[in-house]
Amino acid sequence: MIVTEELSVAYHGRTVLRDVSINAVPGTILALVGPSGCGKSSFLAALNRLTDMIPGASVGGRIRFGGIDLDEAFSSSAELRRHVGMIFQKPNPFAMSIARNIELPLREHGCRDRSELQRVTENVLRDVGLWDEVRDRLDQSALELSGGQQQRLCIARAFALKPQVLLMDEPCSSLDPVSAERVERLIASMRGRYTVLIVTHNLAQARRLADQVAVFWTHDGVGEIIEQGQTETVFTEPSNSIVASYLSGRQG
Amino acid sequence: SLPNRDSDGFSGQLTITGSSTVAPLVTEIAKRFEKQHPSVRIDVQTGGSGKGIADVRLSVADIGMASRALGSDESDLTAHRLAADGVGLIVHASNPIVELTQEQIIAIYTDQTNDWGDVGGDNDKIIVVHKAEGRATLEVFLEHFGIENPAVKSDVIVGENEHAIKTVAGAPGAIGYVSIGTAEADRELGVPIKLLRLGGVEASTATVASGAFPMSRPLNLITTDSPIPLASEFIRFCQSPDVHDLVRSQYFVPIENEPDRAK
Amino acid sequence: MSRTVRSDWILTVLTRSLAIVSAAIILLILSFLLRESLPALRQLGIVRFVTDVSWHPLSGQFNFMPMVVATLVTSLGAIVIAAPLGIASAVFTHFYAPSKLAVWYRRLIELLAGIPSVVFGLWGLVVLAPIVANLGGSGQNLFTATVVLGLMVLPTVALLSDSAIASVPREWIQGAAALGMQRSAIVGQIVLPGAKRGIGSGIILALTRALGETMAVLMLAGNIVEMPTSLLSPGRTLNANIALELGYASSAHRSVLFVSGLMLMLVVATIVIAVSRRQRTTHDGE
Amino acid sequence: MTENRITASSRRFIARHVIREFVVTTIVWVAAAMVLVTVAWILFDVAARGFAHVTPSFLIEDVQNAGREGGIGPIFLATGLILLVCMTVAIPLSLGTAIALTEQVGRENFFSRNVRRSLDVLAGVPSIVFGLFGNAFFTITLGLGYSILSGGLTLACMVLPILIRTSEQAIMAVPSDYRYAAAALGLRRTSILFRVVLPSAAPAIVAGVVLSIGRALAETAALIFTSGYVARTPRSLLDSGRSMSVHIYDLAMNVPGGGSRAYATACALVLMLLLINVATGWLLRVAGLSDRPKSIGFR
Amino acid sequence: MIVTEELSVAYHGRTVLRDVSINAVPGTILALVGPSGCGKSSFLAALNRLTDMIPGASVGGRIRFGGIDLDEAFSSSAELRRHVGMIFQKPNPFAMSIARNIELPLREHGCRDRSELQRVTENVLRDVGLWDEVRDRLDQSALELSGGQQQRLCIARAFALKPQVLLMDEPCSSLDPVSAERVERLIASMRGRYTVLIVTHNLAQARRLADQVAVFWTHDGVGEIIEQGQTETVFTEPSNSIVASYLSGRQG
C-alpha cells in the first residue's frame, strides 16, 4: 500500500533519516522499532506530509501509495491525511467536548446526519473502550480526561474516518494495560482490512502484532533501517548482530 | 528666577501661553530674545487664544497670546499689539468667482444660497467651511459680517487655519475663511486656493498693512495691568522694529507706526 | 519564616501593590473628571444633555446626543472594518503567508501601530477626503473618519489576534491536520475557537481605542453637531468636541465638556464590564 | 455501511472543499493585500512628501523659522526623553501587574477581575482626557509643570493597559508544563517566574513593549497639555519639550509652508520605529530567544 | 518515609481519589498500578503539593514525611519539592539549552561553582545514558531532542538534586527499550538509598522493580486502592478477584 524509496528527512538541512526504503503490504501491520531519536516519528510524519507543517523540515526520496506517486494519488494533503490516519505519541484532543472531538472531522468529511454522527461516535468510543467511561459526559471538555482517556479518544477520532492506512506513533505508550490491550486487539483486528504502520518501544507488542518489522538505528546521528523482514524471521534469525542484541536485550 | 545676573540685568523664566496662530511667531521672537539675554528662558505653549487669556488671569502664564482684540468682558487685562493679520475668504483655485458681496456671503453662510450658480459661478453645490467656536478667526469673521453663530449653517467645521485651507484645496465647491498671511503663503507653494476680494479690495498682506483691507485683526500679547519687568521688556522687544523681519517671515504684518501700548 | 518563602511573599506583595497602583490610575482619572463635571451635573442635571434643542454651549444649549451617536457610529464602524481585516491579517501571517513575507507583514502592522494619529489625519485629509468628496460634499464625514479610524485600530486587533493564535497548542493543529482537515477548517474550527478569548479582548481593546481617538477624527469627521442621517453626513465626536472647545470654554460649558468625557468613559466601562461578564459566563458554560 | 457512506459523501464534499479552500484562501489574501496596499499607500505618501528632507543633519540641527527650516534636533531629544520616562515607569509597573494577574492559583478571583476591568476601562480613556488629567494631576497638582516628566508620566498611564495586556497574554501562553516541571524541581515561585516563565514569555513581552513605544510615539493630544510646545533643547526632565508628533501637528496645521517638514518628521518617526523594531528582533535573536511569537502555521 | 492517611483529591469539588492510605518504606520502591483515569497522577501531585498549582484542585487527609506532618517537615513547598523529586508522564524540558536545563535547578539550590555544575551535569547525563548523544550539543535547545531524549533529560535534571524521595509518573513510557532498561536499572540501583514511588502501566516492570505494589481502581468515577502489599504476594496471591484478573490480563 505504502512504499518508500530512499526516503530521507532533514531538519534545517541536518539529515536525521537517510535511505529508508520500506514496503507496507496492504492489509498487514508493519512495526517500526528502534532506539530513541533514530527518526521513527520523523519517518511517519513524512508519510502523511505532516512534515510540511514542521518549520525547517524537508523530505527527499519517493513515496508511493497504491503504486501511484503520493502527489498524484491525492488531490491535496487533506485528502491524503484522510486516507492515511495518524495517532501521536502525546494525546492531542481538541479543547472541545468529547463528542465534538469525534464529530468535527466527520463533519469535515461530509457526514452531517445527526443520528449517523451519534452512531459513529458511540461505535468508535466502544471500539477503544471509552464508551462506558464517558457516555454520561459526552458534552464535557475532552481536556478534563486523564492522559490515557485522552489518547483513547484520539484513537477513536482517527478510527471514525475509516482510513486505509493508519500511522501510529507509540499509540499505547500512555495507556494502562487494560486499555492498551483493548487497543492492541483492535489494531490486530484491523489486519486484512487496513494497512497499519506502528512505532512501538514494546518489542513484545511488536512481535505479537506485526506481520513485518523494520528496525531503525542511528549511525553518526543519522537514522537508517538496519534490518527488515517478516516478524518471526527478524526476531528469531536477525542477520545483524546489533539487532540481535537489541531485540534480546530486554526481558519485558 | 535664576540667581545669576545678565550683563543688562535680565534673567529668569517667562511662560507664555495662548493662540496657536501667534505661537510660531512668538517662539521665533523668544529665540532671538534669549540669544541677546543668555540667562533668560522663555517657554511658549499653545492651546488657543482663550487659554492664553485664562492662563494670564490665573497667573499660570506671565504673558498670554491672543489673535484678536480683547472683548468688553476682558477689561481687567491689557493687550499689547504685536502685529496685524487679515481674515480673507478663500475658494478653490478652479472656482471662477473672484469676489462676493457682503450679502452673498451672509446668504451663503446662513443657508439661503446653496449653489455657486446663484452667485454667478458654475452650477455646483456650495460647501461651507466654518471655524469652531472660540477661534479668534471665527469671531473676527462673525463680527465683520454681523452674523450670529447659531444662524450659520455649515458643512464642515475646522479648527486650525491649515485645516481650512486643506479642506478647501480638496473640495472644488468649498468656501472658507482664514488668516490672509497663511493663505498667501500656501498659495505661493502651489496649494490650489484663491483669496477673494472683499469690498473691492484685494485680500493680501499689503492691503492689510496699508489698512485698506476691511476684515483684519490685531495679534496681541496679553498681560495683567502690572506685568513683571522681564515680561514688559520682552513685550517691548516684540513691538520693536528689531523683529519686523520675523513678523514678515511668519506672513503677518508688522506694526510700522509707534505701537499703542494700551488698547 | 525561611528565606525562600519570604522572597515569594515579597514578590506577591510587590506585584499586587503594582497592580493596585495600575488600577488606581483609573480611579484617579475618574475622580478628576467627576470633580470637574460636578458643577454641570448640579446646575444642569443630566436630562438637559438629552432634551436640549441642540448644542450651542454659548447660548446655553447642551444636547450632546448627536455627538454620542457620531462617536458610537465611527467607533463601531471602525471595528467593523478592523476586526475582519485584523483577524484575517493574523491568520495570514500564521497560515497563508510565505514565512519571509509573514515576517515583513507583521513588521509592517507593528509600524502601522506606531504611525501618529496626526499622520493618519493628514493622509485622510489630503488624500482620502478628496476621493470621498466625489460622492458629494467635502469628503469630511463619518465615513472617511470611520475608514481611517478602522485603519488606526487594525494593528491592535491584528497583533493581539496574532499572539492569541500563536498560543494555540501545536498539537491541536497537527492533530487536526492528521485528521485530513483542510487549512480553512483547521483555522475556522480549531485555531480561531482556541484563540477566541485573545481575539475578543483584542477587539475590545481596539474598540476602546477607537472610542478614545481624538486628533484624526477631528481632522476628518466634518465636526458638525447634528444627528447624522447617513454615513456620508458630517458629525462631531465627543473627543473632537472636547479638543475643539476646551480651549475657550469656561464655567458651565467647560464643566459640560468634562461630563462628556466622563460619559465616554462610562460607555467604555459599560462595554468592558458587559463583555467580561459574558466571557466569564460563556467560559463557565464550556 | 458507515465506511461507504462517509466515502460516498466525501466524494461529494471534495469539490465543495476545494471551493471552500479557494474562497477562504482568496479572502485571506485579499484582506492581507488590502491592508498591505493601504499601509504602503500611507507610508509611500508620507515618504514621497517628506523623505527628501530626512538627512543626518535634519535629525540634529536646531529648529528654525518655526520649523520650516533647520532640523528637529531638540524635538528628537525631547521625544527620546519622554519615551525614556514613559517606559522606565510603565515597564516595571506593567510587568508587576501582569505577574500579579497571572501568577496565582485560581486566576479569576475578585482582585484580578477588578484590576483587569479597571485596566480595560483605562484603555478606553480618550487621549484628550489623558491630556486633561495629566495637565491637572502631574503639571499642576504635583507641580511638575509643562515638562518632559509630566508628558512621560501621562504617556505611561496611557500605554499601561496595552503593555499589561500583552505581558499578561505572553505569560499565560507559557505552557503550564513548564511551571509544573520547575515547581517539581523545588524552584521558588520567584525563580519559576524569573528563570522559566518570563524568559519564555520575553519575546512576546518585548513585542508588547515595541507596540507601546509605537503608541507613545504616536500620541499628540495628551502631550500638548503636559510636555508642552517648547522647541528648545531640554536641559533637564523638568524642562518643557515638544514631541515629534506635536511637532508634526504644529507644522501641518499651524505653520503655512510647514507641510514638507511635517512629513519629513513623520518619516523620521517611522524610520525610528522601524529601527527599534528591527533592533529588538536582532537583540532577541542574539539573546537566543526567537524574536516573534512562534509561528505555528504550515506551508 | 512517606505515609498518607485517608488522602483524597478533588477537582472543582468533584472527588477523583478517596481514602488512599499508603506507607512508602524508606529505601524501597513502591509501584502504583491501575487503569487509566483512576487518579494515580493526582495522587503523586498531592504528595509534593503540586496540587497547589492546579486550578481547582483540593487535597484532604494527612501526609507525613519521616513521621512529621508535611507542613511541619518543610518550611516551604519549594523545600518539599527539592526533597521529593518528580518526573512526569510527558517530557517537559525547559525551552533552554540542555546544559542549562540541569544547571538551573542546581543553581536555585545554591550550587554556583562552574566546575561542580559541569561535573554534576556530566554525571547525571551519563546516568540516564544521554551523555554520548548530547555531549557535543549541550548548548543546543532541549526542545530539539526527540521525545525519549527529552524524557531522559528530565530524569537527569531531577537526579541532579539528589532528592530523598522520587515520584515517577510513568517515567519510561516514552523511552525506547534500550534507554528504558538503562533507566530502570538506574531506578533499581537507587533502592536502599532513596524512596521511590513509581506509576507504571508496565506490570512486568512493576514486578521487576518494586518492593511493594499498590493497585488503584475506579469505583463510580472515584479512584481508590483495592490492594496493596509486597510485590510477590500481590502478584501471586492477590486477595481481590479484580486485581487477579487485572494482573494476569496482560501477557506482555
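In this document, chain identifiers A, B, C, D and E correspond to the written order of the chains, with residue numbering beginning at 1 in each.
Just so it is clear, contacts are C-beta pairs under 8 Å (C-beta built on N, C-alpha and C of every residue); 3 or more make two chains touch, one makes a residue touch a chain.
Listed by chain with UniProt protein names: A, E = Phosphate import ATP-binding protein PstB 3; C = Phosphate transport system permease protein; D = Phosphate transport system permease protein PstA.
In this text, all values refer to a predicted model and were calculated from it rather than measured experimentally.
*Asks:* From subunit A, count the fewest steps through touching chains until subunit B is reached.
*Replies:* Minimal hop count between subunit A and subunit B: 2.
*Asks:* Under the document's definition of touching, what chains do subunit C and subunit E have as common neighbours?
*Replies:* Chains in contact with subunit C as well as subunit E: A, D.
*Asks:* Work out per-chain C-alpha centres and flag the one nearest the whole-protein C-alpha centre.
*Replies:* Minimum centroid-to-centroid distance belongs to D.
*Asks:* Go ahead and name the chain pair joined by the largest number of contacting C-beta pairs.
*Replies:* Per chain pair, the contact count peaks at C-D.
*Asks:* Going by C-alpha centroids, which chain is farthest from subunit A? Tell me that one.
*Replies:* B
*Asks:* By CA centroid distance, what chain is farthest from subunit E?
*Replies:* Centroid comparison gives B as the farthest chain from subunit E.
*Asks:* Between subunit A and subunit C, tell me the centre distance in angstrom, where each centre is the average of that chain's C-alpha atoms.
*Replies:* 48
*Asks:* Between subunit D and subunit E, what is the gap in Å from one C-alpha centre to the other?
*Replies:* Measuring from centre to centre gives 44 Å for this pair.
*Asks:* What is the distance in Å between the mean C-alpha positions of subunit B and subunit C?
*Replies:* Roughly 35 Å separates the two chain centres.
*Asks:* Express in whole angstrom the distance between the two chain centres, defined as the mean CA positions of subunit A and subunit E.
*Replies:* From the centre of subunit A to the centre of subunit E is 28 Å.
*Asks:* Residues touching two or more other chains, restricted to subunit D: which are they?
*Replies:* In subunit D, the residues touching two or more other chains are 17, 21, 175, 188-189, 252, 295, 297-299.
*Asks:* Can you list the subunit C residues in contact with two or more other chains?
*Replies:* In subunit C, the residues touching two or more other chains are 4, 8, 99, 126, 169, 173, 177, 182-183, 185, 243.
*Asks:* At least two other chains touched by the same residue of subunit E: list those residues.
*Replies:* 76, 78-79, 90 - these are the residues of subunit E that touch more than one other chain.
*Asks:* Which of the residues in subunit C end up touching subunit B in this complex?
*Replies:* Within the complex, subunit C contacts subunit B at residues 56-59, 125-126, 129-130, 133, 136-140, 218-219, 222-224, 234, 236, 243-245, 247-250.
*Asks:* Please name which positions on subunit B make contact with subunit C in the complex.
*Replies:* 47-51, 54, 125, 127, 129, 132-135, 149-150, 154-159, 163, 166-167, 170-171, 174
*Asks:* Considering the complex alone, what residue numbers of subunit C touch subunit D?
*Replies:* Its residues touching subunit D are 4, 7-8, 11-12, 14-23, 25-29, 32-33, 36, 84-85, 88-89, 91-99, 102-103, 105-120, 122-123, 126-127, 151, 154-156, 158-160, 162-170, 173, 177, 182-185, 187-188, 198, 201, 204-205, 207-209, 211-215, 238-239, 242-243, 246, 258, 261, 264-265, 267-269, 271-273, 276, 280.
*Asks:* Note which residues of subunit D are touching subunit C in the complex, please.
*Replies:* Of all residues in subunit D, those touching subunit C are 17, 20-21, 24-25, 27-29, 31-32, 34-36, 38-43, 45-46, 92-94, 96-97, 99-101, 103-104, 108, 111, 113-130, 132-133, 136-137, 157, 160-162, 164-166, 169-170, 172-173, 175, 188-190, 193, 204, 207, 210-211, 213-215, 217-221, 244-245, 248-249, 252, 262-263, 266, 269-270, 273-274, 277-278, 292-299.
*Asks:* Under the stated contact criterion, what part of subunit E meets subunit A in this complex?
*Replies:* 11, 33-37, 41, 89-90, 133, 144-149, 152, 170, 173-181, 201-205, 208, 246, 249-252
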